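Letters A, B, C, D and E mark the chains in the order given here, with residues in each chain numbered from 1 onward.
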Amino acid sequence: MLTILFDGIAYGMLLFILAVGLSVTMGLMNFINLAHGAFAMAGGYLTVVLMQRWDVPFLWCLPLAFVGAALLGALLERTLYRHMYRKPHLDQVLFSIGLTFMSVASMDYFMGSQQQIMQLPEWLRGRTELWDGALGMGHYRLFIIAVCAALTVGLQFILAKTRFGSRLRASVDDARVAAGLGIRVNLVFAATFAVGSGLAGLGGALGAEVLGLDPTFPLKFMVYFLIVVAVGGTSSITGPLWAALLLGIADVAGKYYMPKLGSFIVYSLMIAILIWRPQGLFVRKGGR
Amino acid sequence: QDKFKIGLILPMTGPFASTGKQIEAAARLYMAQNGDMVAGKKVELIVKDDTSAADVTKRLAQEMVVNEKVSVLAGFGLTPLAFATAPIATQSKTPMVVMAAATSSITQASPFIVRTSFTLPQAAVAIADWAPNNGIKKVVTLVSDYGPGIDAEKYFKDRLTFNGGQVLDTLRVPMRNPDFAPFLQKVRDLKPDAVYVFVPSGAGAALMKQFAERGMDKAGIKLIGTGDITDDDILNSMGDVANGVVTSHHYSASHNSPLNKKFVAAFEKANNGLRPNFMAVGGYDGMRVIYEAAKTTKGAGGQALLDAMKGQVFESPRGPMFIDAQTRDVVHNIYIRKVEKVNGQLYNQEFATLKDVKDPGKAR
Amino acid sequence: MDARQQLLASARIRGWEPLVWLVAFVLPFAFPGHALIVNEVAIVALFAVSLDLVLGYTGIVSLGHAAFLGFGAYAAALFAKHVMPDPLAGLIFGTFCATLLGAVCSLTILRGTDLTRLMVTLGMALILMELANKLDWLTGGSDGLQGVMMGPVLGRFEFDLYGQTAAWYSLTVLLILFALARRWVNSPWGATLMAVRDNPLRAMAIGIPVHNRLAVVYTVAAALAGAAGALMAQTTGFASLDVFALERSADVMLMLVIGGVGWLYGGVVGAVVFKLMHDVISGITPQYWTFWIGLFLVVLVMVGRERLIRPWLWFGRAADQKGGAQ
Amino acid sequence: MAELLKVESLSAGYGEAVVLNDVSLSLGEGETLALLGRNGTGKTTLMDTLAGATRQHGGQIILGGQALHTLPSHERAAAGIGWVPQERNIFKSLTVHENLTAVARPGRAGHASRPWSPERVYEMFPRLAERKTNLGTQLSGGEQQMLAVGRALVLNPRLLLLDEPLEGLAPIIVEELLRAIARITREEGLSAIIVEQHPQAILKISHRAVVLDHGNVVHASDAETLRENPELLDSLLGVARKL
Amino acid sequence: MNAPAVLKAQGLVKQFGGITATDNVNLELRLGARHALIGPNGAGKTTLINLFTGVLPPTSGHIELLGEDISQLAPYLRVRRGMVRTFQINQLFASMTPLQTLAMVVSQQRGLGGRWWSVLGQDQAVVERCEALLELFRLTEVMHQRTEYLAYGKRRLLEMAIALACEPKVLLLDEPVAGVPAGEREELLQTVAALPADVSVLLIEHDMDLVFEFADRITVLVNGAVLTEGTPQAIAADPQVKAVYLGHGEEVAHG
């Protein structure tokens, strides 16, 4: 069934968009940032507020959500996160969970605990049926796929073709020596973190439509972000993309053909993959 | 003792936080309207967050009984939490007023439980009665895979089959489920007259959007369900996708009665324009039941208070209701409603009434 | 100090320890109204100690430790319901079941990075939760397992409404298991654990069977978690799906890290601090307590555990080691 | 010869612990300094401090008239420091080539000779060229050492800090490297500080020598003095003959 | 030279992708030997040790230890059969002190590692052995410091102390004295040389003074394959070895 395949791809792409920022901060910077969802939520709420209160068109909201979340990320990076890089992973977990808790409660306080719903523009709402309905594609899902593809290409280019990628990885491997060899570690980290947060914000803005948006968003979807990054491996951008696609298709197809198995499928698949390839499915050759 | 304490245990954080907020707000509204003195005692409301964990809920209840000496335990957003607390009510002979949880069997867990919300079978059966008479014979059910969802599925299916309809398939959606696509596609491929839906209120919006996006309405499939999916709390922001959806429930914010108009206005005023939903009315009526019972017993608690709750008959914002003295469960009208735009706002407009519906779960 | 004393020092029972335990046991008696929270703290403390064995002593991060807690809880509850209501027998049964599960699951965590282990353990817990949901004829599904009636402890002490019996029961189990665990990690066997955590490659190169060590620790930790779960089910007379929830695993990890990993008392301290703080703050603001807990966590990490407990360090040596890449 | 580096009453350490007290030394352009001392006397700490990777408590570091001690670590590289840390610290998730390109800087203007580029490093260590795409962790010990040296060179520094650079290199490479250092310092005006456990090997190519003990300079002279005077050297290094 | 072989490699091959790091190596380490393995950087010396100890699985070939084929044996079991190594790049237990480390290793070695009811350090014999080792490697004064804060040279010493604490029958040393000051190196290697005559040692080292002083036999490895094997005198004179490894400098070593 082509429609199921399409839905699976779209769902996978959505997971990817939400998780790609995390694979930047966690995968590339080796920082366990469980507050990732909070940035996504910030992007989502920003979009909702812009659309509802100021009637900003949806397409404009996306870059604004990116920029907003990125600024927030940069601000927090400069004030709080940068003290955390050298701490053990467990402290990072504690810290970022703390931030998540704070963001959840604050959002609840300022925006209320009910679901936020946004209205898409007309042209994103329709649906195209091909071949007598054998393949039905929701326009919004098509849109997500397109954005996602563009993002992947862009990120991959930056990481593979510019020195930024290797400087970043060098800083992560050994910040002390990287700085001693002239890499502006602080700047590299701040920029990366901002981009990671921005991507989260963008993901939140795009995902809120399908997933819904309420103050528990960061906690509710944390598991999904983590699954994608874990299965995809933490050393590239394409890894999480394939992982997200795989999981998306498996989940949608599984629920369609074997609805009784419900959510067993994703979890079992994840465990099986991780036991088989403990470094994740797609890792840089020989590296870690 | 010159205080009459009510221990209100609610989900104040987490995915069901809006339930807790609605109920707390309604309870406070009731107190504001009716004064905080009853039978010469000052009413004190102690609110606790259940954190969605059964052991914590039970401990909180136990502490409130033991330390605070509350006369009534109230609230309870989720079925297992109510079940976990039930033995405390029995052991300490403290009446326990369930204001939200809707699984049928809760009231059987302890003779001290009284319910003022509703039961899912009540709503499910009502729409199952309505559907076959309105051209809906073949239905696929789509429910969340947990207690209330399974209740909703079972009672709907039985009654629809009894009424000569047919349930083509029963789909259960896992609780953690971000995307309804595969389930909706399945429904679409089964080509029923309608899909009957029960999901917790937040997820309802997402579901309805995806329903519309998939072009299901255009394919001639109707969306029906219990009122949870067109929750007044968020109905208005759902937009066109909700327009025209038919559901059955015991309460709509647009219920046409002076009492309700007053209630809605007061609630919105006190809560920044937030519209009360069926949770709020459960909390509001719960407070009413407690207040009136306390008046009867002159502030005494225990068995006497419980007895004074049983059999209360009164006019609620939802319409007439009473507490069945036998089952301690709520009996009220169930309305069939359709989402419509009124003054630019979406409301569940009631257009048919089933009178005095008892919980079908206890009928057999 | 000579070498021998130095080695033995870490295992020596310090003066404050019996005192602390004594206070713990007196609490339910002195404040009967708070016996319940003592019980709950004792149970999560045991749970946290169990996590400390894997996290603190072998460095395996687990975000699914609730799998064992939940398994122990359901096993004990079902045992009481269908076999016999005696708490001790149920405790042993629950622990035993969790141990078996731990032994099986230990095969999945032998390889991999922090992240993979995090996810594999988490996945296990979520699958168990789904299972418990689907097997509703046995477990009561999402309504929870009802009808659990517990007999008196040792045939004499009934569980009372105040929760005193429950508190003493849980504290006793905690004390016994804690003492055993403590002895264990200070043994030559336990020292090899630290080696495995610090550098598995070298540990292997001095003849330590790394996988075997990890598997055993994980299994033992599962047993402790199962015992905690059994206690929980027994003292509340109820088991529901939330025992498997991610929040449980996450909370216990938070507690442990708050108290500090790798010294067993960390779990206990963390449990006390976290639970009490939670109770107090959520009593004040049931809606927004997460904010304050979150703030606490952030401050704790920013300021540092040490300096929070001993503020005079604020003016002393900054705790950074080789580093300072500015 | 113009003075390039001037260190004055430098004290530094880790955290609050002070390892170096009051170290002063100076070095001319194109000169090589042998830094000697027993284990744990603070040689590495001194090198790391010059590179800005420790905590400095006091004193001054002046490189070519520019105050280094006020600069953050990464700007010192721009000012002309090229650092080979003792434990090599190859970036493990980068390939050999990326290790070089990630930090490479263009040569300084007004420099006669050909600036250091990855290509020039490969010429010096052909072995690295063969392992261009290996990750940092997939190198032999000696290859890592070569890479660490190469990585410092592509910064096109004015002052090279070599912390036990010969350790783990085959004798033939050692010879090669020593010759190369001698040549570079001579021809390109590069200065170097070399820490080495084999004093004789480096004293031969050094102009000056400094001996550290317990974080203090206990001896400073030209290299020749120590080279010709092995007893003095032994006594300074306190070569132990027990065990 | 007819002592029995304790460690034997037969047709050992290891490939990393396209790189052949070990190329059909046949090597015998005889009982009580003081054998040195030399060769240019990247010749595959460390890889060979990794194959012996089981850190890497061989692409093909066999390894025999004390007459037993151990090619498939788990690394820790090889250690239990008496083969112990040191690492070229320190592999230590960062959060433990040298004393704890050695106590743990010695207990493990004496079969107390499986005991969970006694306390580490309770056994007097273990403590005495630790003290002797600390003394021998001049670690006594730093025995209470966390390993990660030790100076590099001290860590190097600890690296060796750990190996000796395992009481090996076959000892594989991968550049053990790199980072140790010149004066102390010889003494350190004398300690090794003075090990009981039934302990066989394979040493990798680039400091030729030490190698020629220490070894009674030398194998030269180039590009993964054995170039030649012989007595120190023969090797020192071999023009091929000079060309690829020793160099033509006025002197053989840089000492």
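Side notes on the structure shown:
Definition applied: a contact is a pair of C-beta atoms (placed from the backbone, for glycine too) under 8 Å apart; a residue touches a chain by one contact, two chains touch by 3 or more.
Predicted, not measured: the structure shown is a model, and the values here were computed from it.
The set of chains in contact with subunit B as well as subunit C comprises A. With contact taken as defined at the outset, subunit A and subunit B are each touched by C. Setting subunit B aside and leaving every other chain in place, the chains that still touch stay joined as one piece.
Greatest centre-to-centre distance from subunit A is found for E, with centres as Cα means. Centre-to-centre spacing of subunit A and subunit C amounts to 31 Å, using the average Cα coordinate of each chain. Note: centroid distance subunit B to subunit E, computed from Cα atoms, is 73 Å. Subunit C and subunit D have CA centres that are 50 Å apart. With centres set at the average Cα position, the gap from subunit B to subunit D is 75 Å. Annotation for subunit D: residues touching 2 or more other chains are 14, 52-53, 72-73, 138.
For subunit A, residues touching at least two other chains, in rising order: 104-105, 108, 176, 178-180, 185, 223, 262-263, 286, 288. Of all residues in subunit C, those that touch two or more other chains are 126, 130, 287, 289-290, 320-326.
Against subunit E, the residues of subunit C that register as touching in their complex are 1, 3-4, 6-8, 11, 183-184, 186-192, 194-195, 197-199, 201-210, 321-322. Looking at the complex, you find that subunit E touches subunit C at residues 53, 55, 74-77, 79-80, 84-85, 87, 91-96, 99-101, 103-105, 107-109, 112-122, 124, 127, 130-131, 134, 143-144, 148-149, 162, 165-166. On the subunit A side of its complex with subunit C, the touching residues are 26, 32, 80, 83-84, 86-87, 89-91, 93-95, 97-106, 108-109, 175-176, 178-180, 185-186, 223, 226-227, 229-231, 234, 262-264, 267-268, 270-271, 274-275, 278-280, 288.
The residues of subunit C lying in touch with subunit A in their complex are 55, 61, 108, 111-116, 118-120, 122-124, 126-127, 130, 246, 250, 253-254, 257-258, 261, 287-291, 293-298, 300-302, 320, 322-326. Within the complex, the subunit A residues that touch subunit D are 163, 166-167, 169-170, 172-174, 176-185, 235, 284, 286-288.
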